[in-house]
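Take a look at the following structure, please.
Every chain is named by a letter (A, B, C, D and E) in the order it is written, and numbering of its residues begins at 1.
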Amino acid sequence: MIDHVPLTHVLIVSTLMFFIGAYGFLTRKNLVTMLIGVELMLNAVNINFVAFDRYLFPSGIEGHFFSLFIIAIAAAEAAVAIAIFINLYRNIRSIDVEHVDKMKY
Amino acid sequence: MTLLLALILVPALTALAIVFAGNSKQVKILSAAGMSIQLLQSVYLLYAFLAERSSGNTEPVLFYNRFAWYSSLHISFDIGVDGISVAMIVLTAIVIFTGIFASWEVEEQYKEFFISLIVLATGVFGFFISLDLFVMFLFFELAVIPMYLLIGIWGSGKKEYSAMKLTLMLMAGSALLVVGILGIYFHSNVNGHHSFNILELSGQQFGIDMQRIFFPLTFIGFGVIGALFPFHTWSPDGHSSAPTAVSMLHAGVLMKLGGYGCLKVAIWLMPQAAHELAWIFLILTSISVIYGALGVISQTDLKYINAYSSVSHCGLVLFALLMLNKTATNGAVIQMISHGLMTALFFALIGMLYSRTHTRTVHEMGGLMKVLPFLSVCYVIAGLASLGLPGLSGFVAEMTIFVGAFQHTDWFHRFITIIAISSIVVTAVYILRVVGTLLMGPVKNETYLKFHQATWYEKLATVTLIAGIIIIGIAPLWLSDMIMESLGAILD
Amino acid sequence: MSSTLTILILLLPFAAFVFNGLLSAKLPHRVAGWIAVGAIGISTILAWKTAAAYFSQSTPYTKQLVFSATWLRFTDTLQVDMGILLDPISVMMLVVITTVSLMVFAYSTSYMLGEKGYVRYFAFLSLFSFSMLGLVAAGNLFQLYMFWELVGVSSYLLIGYYYDKPEAVAAAKKAFIVTRFADFGFLVGILVLSYYTGTFDFITLTNPENPAITSMTGISFMGISVLTWALVLIFMGGAGKSAMFPLHIWLPDAMEGPTPVSALIHAATMVVAGVFLVARMFPVFVFHAPAALAVVAFIGAFTLLFAAVIACTQTDIKRILAFSTMSQIGYMMLALGVSGYASDSLGFTASMFHLFTHAFFKALLFLGAGSVIHALNTNDIRGMGGLRKHQPITHVLFLIACLAIAGIPPFAGFLSKDEILAATLATNTFYFGIATLAAALTAFYMFRLYFTVFWNSERNYEHSPHESPAGMLVPMGILGVGSIAAGLIPFGRFVTSDGQPLKTHLHMPVAIISVTVALVGIGVAWFFYKKQSDVPQKITASIGGLYQTVYRKFYIDELYLFITKRIIFNLIAKPLAWFDRQVIDGFMNFTASATNRISAELKEFQSGQLQKYAYIFLAGVLILVVALLYTGLN
Amino acid sequence: MTWNELLLMRHEWTLIGLALVLIILEIGLSDEQKNRITISASLLMASITIVGFIPAEHGSIFGGMYVTDPIRILMKNILNIGALIIFLQSNAWLSKASMKNRITEFYLLLVSSLIGVNYMISAGHFLMFYLGLELLTIPIAALAAYEQYNSKSAEAGIKLILSSAFSSAILLFGLSVLYGATGNLYFAGFSFTGSLVTVLGFIFFFSGLAFKISIVPFHLWTADVYEGSPTSVTSYLSVVSKGAAVFVLAILLFTLFRVIQPVWRDVLYATAILTMTIGNLFAIRQQNLKRFLAFSSIAQAGFILLGVINGGGLGMATVIYFVLMYVFSNLAAFGVVQTVEQSTGKLNIDDYNGFYKTNPKLSLTMMLALFSLAGIPPLAGFFGKFFLFTAVAENGFYTLLLVAVLNTVISLYYYLLVVKAMFINKSESPIPVITSDGFMRTSLLIAATGIIVLGFYSPVFDYIMELCTTY
Amino acid sequence: MEASAILFYLLSFVILVSSLAAVTARRILRAAVYLLFALGGTAAIYFMVDYYFLAAVQLIVYAGGIVVLIIFSILLTTHIHEKLELPQWSKIMATFVLVAAGFSVTLYALTAYPFEARAGSRVDATVGLIGERMLAYGEGGYVLPFEVISILLLAALVGAIVIAKRNPPAA
């Protein structure tokens, strides 16, 4: 627990971060930068888990473990995503999200 | 009783056997054999039914049997027949039997054709013997779908459009039915559980609010296939595009599922709402009757003519049902049978004429009486049956309906009844117009003189149907009594 | 009286119909003819025997149901029994129908010789006889209606006998449709009556004390008692079949059928079915619906004069006879209309009597006309003349018939017409005036026909006309005898409204008046038409417009055509077909195309842009949350 | 922890075993022998499926993190059947030259995903659920992009992995909020009261699952991914992945989230209507069969929600039963599409014109599948759909029911379009006669049998109903 | 104000600013670096609440692993000096509105809820405890997730490799 910092403030930070990440995901043209947005969102979730853990449920560390696993999975996801990016880059020489629209309607 | 099961098994097995048949001849012989057995069975059922009745059995349905099916939902394969079902079964057997012979010249993908046709018939037979709403609905849809292929593949004209329209409109109707059936199911309480069984449901007293919702749904649901105005437009296009046997079955039998269902489900199970809301549908059906008849007048295509006249005649069926008394309902059932036979005859004949003249436009033909006397006479008989000549089935049906409809003394019923009666004049107009143009007058085309006369299978088909029309026309009492006895349970 | 025998009267012609009908393609012509004639012959004998047996009973003659079998049950009370009802009028009709039928059948065997559809012709004729017999023998209103319809269809088939002739087809169609329209009223009438009385049965219905009927008199609709409604509607049916104005338009056209058919159906038997119907229901009319009876009288009187006027201008031999038939039926209707019941029922008896005599002489007239047409192959009297030399026997017989119809004593028509005139005089002098005037016109137009055809100057015939064969002349002869002898029957002793004999006697003043006007009519005709003369032309020219109007039958046909073609076909049926295709079906198609359209409009959502997808995703989440903020939590 | 307890996890164990066998085979077999992998994998998968059906005990282990009960076992078995059929159907594709040396990996990834499915269904803790979900997704994203030289495949992979990452971020955020409100992540004892924050958490969480099921408006990735992915992967996504998500959604809603049933009912009510309608409206206009089936499967998902909305035993039973029939029907359709695609490369509906003339058996199978999906008797789909309707009617949601049944009419329209192409339309150059391999034929036979028999054989449904009475 | 609070707000500021920079920076490599800052800041907060292990993992896996991976991919697929195009203005606005709405709604919900602290003695996530829990299989034990994630990582590895490795194109 961080003394004298109310839980709400932590939640403001995490929520803001989450939506900044979402903003990045929704606006960035480069696939990699979109991925960065997702990472920010996940990180915000982690802050949430940790904050709840510490502020509300000091006797448990479930949130802690959840964050741990999220980090691991984020890594796995990123690895696969990047592999696919590279694959795409080989195919169309671009990783601009707006070029990824061959299939539609 | 295994007899009823055999009624669906025989066509199903026939269809299966056709799969393994070799050439076209074998397929046709198999179909004919199967449907002959079916016809014999149906007649035997009729006999057994009458025998049972005369021995004093007054159960509402006979040969009742219950096979557990989806027991967790209390769905069971309930079969049993009353006089109405028996009559409809015999009708179906006759029409499919003749339909096979009317299709004798089908060579394109003959195997698939006969299989679809017989599957369709299976659905119809199943529908008429089932007493469980779910099973009934199952067979109902089973009967509708082969229609799409039959029209789409073997049809003529704008067949794809017609087939799609027909299928979708009928399915839209059955969509309403689903809602209706489930509403009934969940509002029922038979020994603490819900039920689909019509007999059990008929003992239920549904609340009037519930009935107000589900009666219209069910009635319109079945009404669509009974060509209820304004949901009838699938009928002209569908019938005109369908191959002969399909038109026969469709107009002859399938449209009857509508009337039968309206009676056995909507009216039987929800009588209060039927009384309360009948006036709305009476207006619609009386419109159907006169509208269909007037609609025929300016048609020039034989099949359209017959299709619109079917709208009129089937409208009369629903009209009569909504009179909600035994006499009119009795008339409605007789009308279903009568119309089934004569419209099948019409379509069969139209098909036979078409195969010779290659046109269905009335004005392009003429003087056929001289070149094709047999078929022409059959056509005249069908026409006379259609316009309600005494001695033929149509008269019996119409008169029973009108007498029944006249049991209501109020101004509204009187008025619409008279409107409906006036259709007999219009019917005479269009029938005679067609007969006059098509069959009489000078021979229009020299090539007509080279037409081959009716073949044995054509004769068999037409004569069978005419026999049915005449038997009912001359001696209707047994039929009428048989139906009447069953109506006690439904309308009291 | 054996019921089997009476049934056989009906069944024999039916058997002949079935036999000839089924074997029409294979049967030798002669065999078919003889089967039909044989069947109707036996029926005739049986009918006479039945009549003899019936009338030899002690009076009053009651209504007797000699045979009855349930045919259909409508409700618990209302059921249809197929039966044979014997009473004076049905027995009388049985005799008339079988006898005239026999003559016409026999005549036809010669007349139709060599026609292609010979067997079919006899099948249809037999069907007609069966139906007509069933009609008159019907024990209840419903059975009557059934046979009524069957009669209609046989008439249709016979008028359309020459089915490759468009005029014949059109005429047949017209006849059927017009009578069908009338039957629509008839049917509604039956339904109304049977609903309130709970029965179709004639014996119950015509019982004046029948409580079902008397209780019904109080019920009214639109200010008129339902009973009157019912009977007027029933009379509508009768008017249609009997070609009463304004439902008469089919009869002249019906002459497109073979001439023997016209004789049998459109002169002697079927067209009087309407009269029979009114007579059948007479007690109901007279006791419970006098207003309806007044309608009968009025329509009868009007048609009587109307048809007579038209007959004076026509040139087709059969059409003249057709209008004359209408006129004569008008007499019968009028007589019924002015009649009372029991001792007051001179009109009833007179009407039946006239029906009886008319059957003979009108049949004879037609057969005579047939004989002429047979010889000349034309129907137009302007192409005829001087035939008395070529066809002496026909000439004599035709003259007998003309005298009979003109009402010259001692021929049958005189006596029956005299009774009618007497009956009208007793009740309504206006109607008497009309009837007398019509009598004069009748004499005029009949003799106009007679003189034109048999006297006058000869035309240029392609080959010299010859007398008809014995096969045709013998039946005509028999009918000729009938035309004289029929009048001698003391009709009032047998046929009355209540079965009690009615004393009738010749009404001298009326007889004198009627014979006088008839002689005047004949005299005028003799003056105009015995020799070639231009007087008629001059007269027609001087009243040109009026003449045209009459000649064109007061343009009633055109009016009908206007209503059917212009209004029903063009203004109702065609727009309705359009409405069905474009609006009703259009709506269904619109539903389909609208679905497709919406589908096309929505496709932008599936843009292929990942970020837009995610945007919608997030927006969806937020919308759900916000929506639930407002709804879900409270 | 005892052996018996470990045996509760037999579905997962056997699958992990399969994965190990695959790795060993990959190492042990020479390149020329690689083509035997399909048969080994299929046989093993078949035995796993059968083993799954052997009745066994159930309970929860790992302190409640892992739960089995007869319903969950049944769900797993159903999805195993689906996976088995997909195994069989993949052979033709994997035999292509471009897939050389990548066969084992394909199966390995598929099995991994399947393990994820199983764990997700058996989850007794949100972490297990989340892990299962990701394990289900990530390998499949890799598989979606499996065709290296096909930019559409890469596009599909990208769309899948990024959308799913986005959606799982949202899901996790919701989960974290729920955690904050309850302090518990075990399913057992997970309790909370309805409040603004829990609703928010629930919606966030729900959207993540809805994404997997392709519920509108979370469905937009579906069509693109289905179109671009190799057909086997599409099958897997549309059947196994979707089915698993549906099952889990049903379990969670019926148990954990029962307290806020009014909330999720409203949500499902709205989304069900949207899903059915939008799915249908888009399906109407598709030419590409895979895309077509994608939208059809979206619409089907909408129908499934009708069962979920019921919230009781009947709802659960009908959902399970529907998925069962959907497995057979959809895989039969995909099997035919796959066959045609592998031998001719054709995917458009127009290409199927005159198909019946040349390939009657395939087109009949296709017709069976489509009619079953459309709900035409006496095929399984009819029963499945009717029972779903029953479930929704039980709640008295007749308006929703009406919308649903009218949607079936629309769906019938587009299914008929395909049937029409195959049976009615004529073609100058129809698809030539195709001989599919034995695997494919077996798979189609299984699917077709399922479609035909399932409806008639009522004990299946009765059994499911019996299991579900606990809800 | 306590020092820890000041530190927290400072860190928050850093995190948020670098997050914002990460999603707006026009040079892609810089974006990656800003991400690194954001992640590092988060790790610092973890330190502040005594979640040392988590903080370490955050630094190693996230900062060390993922960011490196991202940078690799950037190097592979883009030119370093390339400046990213700005997104369309309309897109930015629309997204901003949505994100702002989302933020407000979420925050409103979060602040409106009275999160209740559960009583109990504080447990510190020491490495020992973590290890113990990771291998425990009773309640509160994480051995099963641990095993599952190993499968997941393996699968991800296989997947990534099989996609990324070059195969000769089909003939």
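Of note:
Just so it is clear, contacts are C-beta pairs under 8 Å (C-beta built on N, C-alpha and C of every residue); 3 or more make two chains touch, one makes a residue touch a chain.
Bear in mind the structure is a predicted one, so any value in this text is a computation, not a measurement.
Minimum number of contact steps separating chain A from chain E: 1. When chain centres are taken as C-alpha averages, the shortest distance to the whole-protein C-alpha average belongs to B.
Counting contacting C-beta pairs between every two chains, the top pair is A-E. Of all chains, E has its CA centroid at the greatest distance from the CA centroid of chain C. Between chain C and chain E, the centres computed from C-alpha atoms are 102 Å apart.
Per-chain Cα centroids separate chain D from chain E by 31 Å. We define each chain's centre as the mean of its Cα atoms; on that basis chain A and chain B are separated by 65 Å. Averaged Cα coordinates give chain A a centre that lies 96 Å from the centre of chain C. In chain D, 127, 131, 134, 138, 141-142, 145, 148-149, 157-159, 162, 166, 170, 177, 180, 183, 195-196, 199-200, 223-224, 285 are the positions where the chain touches two or more neighbouring chains simultaneously. Residue positions of chain B touching 2 or more other chains, listed in rising order: 168. Residues of chain C in contact with at least two other chains: 603, 606, 608, 610-611, 614-615, 618-619, 621, 625, 629.
Across the assembly, chains come into contact as A-C, A-D, A-E, B-C, B-D, C-D, C-E, D-E. Taken together, the chain C residues at the contact with chain B in this complex read 25, 70-75, 78, 142, 145-147, 149-150, 153, 156, 160, 163-166, 169-170, 172-173, 176-177, 180-181, 183-184, 187-188, 191-192, 194-195, 568-569, 572-574, 576-577, 580, 584-585, 587-588, 592.
If you check the complex, the residues on chain D that touch chain A are 126-127, 130-131, 134, 138, 141-142, 145, 148-152, 154-159, 161-162, 165-166, 169-170, 172-173, 175-177, 179-180, 183-185, 223-224, 227-228, 285, 291.
Across the complex, chain A meets chain D through its residues 18, 21-22, 25, 31, 34-35, 38, 41-42, 44-45, 48-49, 52, 56-57, 60, 62-63, 65-66, 69-70, 73, 76-77, 80-81, 83-85, 87-88, 90-92, 100-105.
The touching residues of chain B, when paired with chain C in their complex, are 165, 168-169, 229-230, 232-234, 236-237, 291, 294-295, 297-299, 326-327, 367, 369-370, 373, 384, 387-391, 395-396, 399-400, 402-404, 406-407, 409, 418, 421-422, 424-425, 428-429, 432-433, 436, 439-443, 475-477, 480-481, 484. Those residues of chain C that touch chain D in the shared complex are 595-596, 598-600, 602-603, 605-606, 608, 610, 612-614, 616-621, 624-625, 627-629, 631-633.
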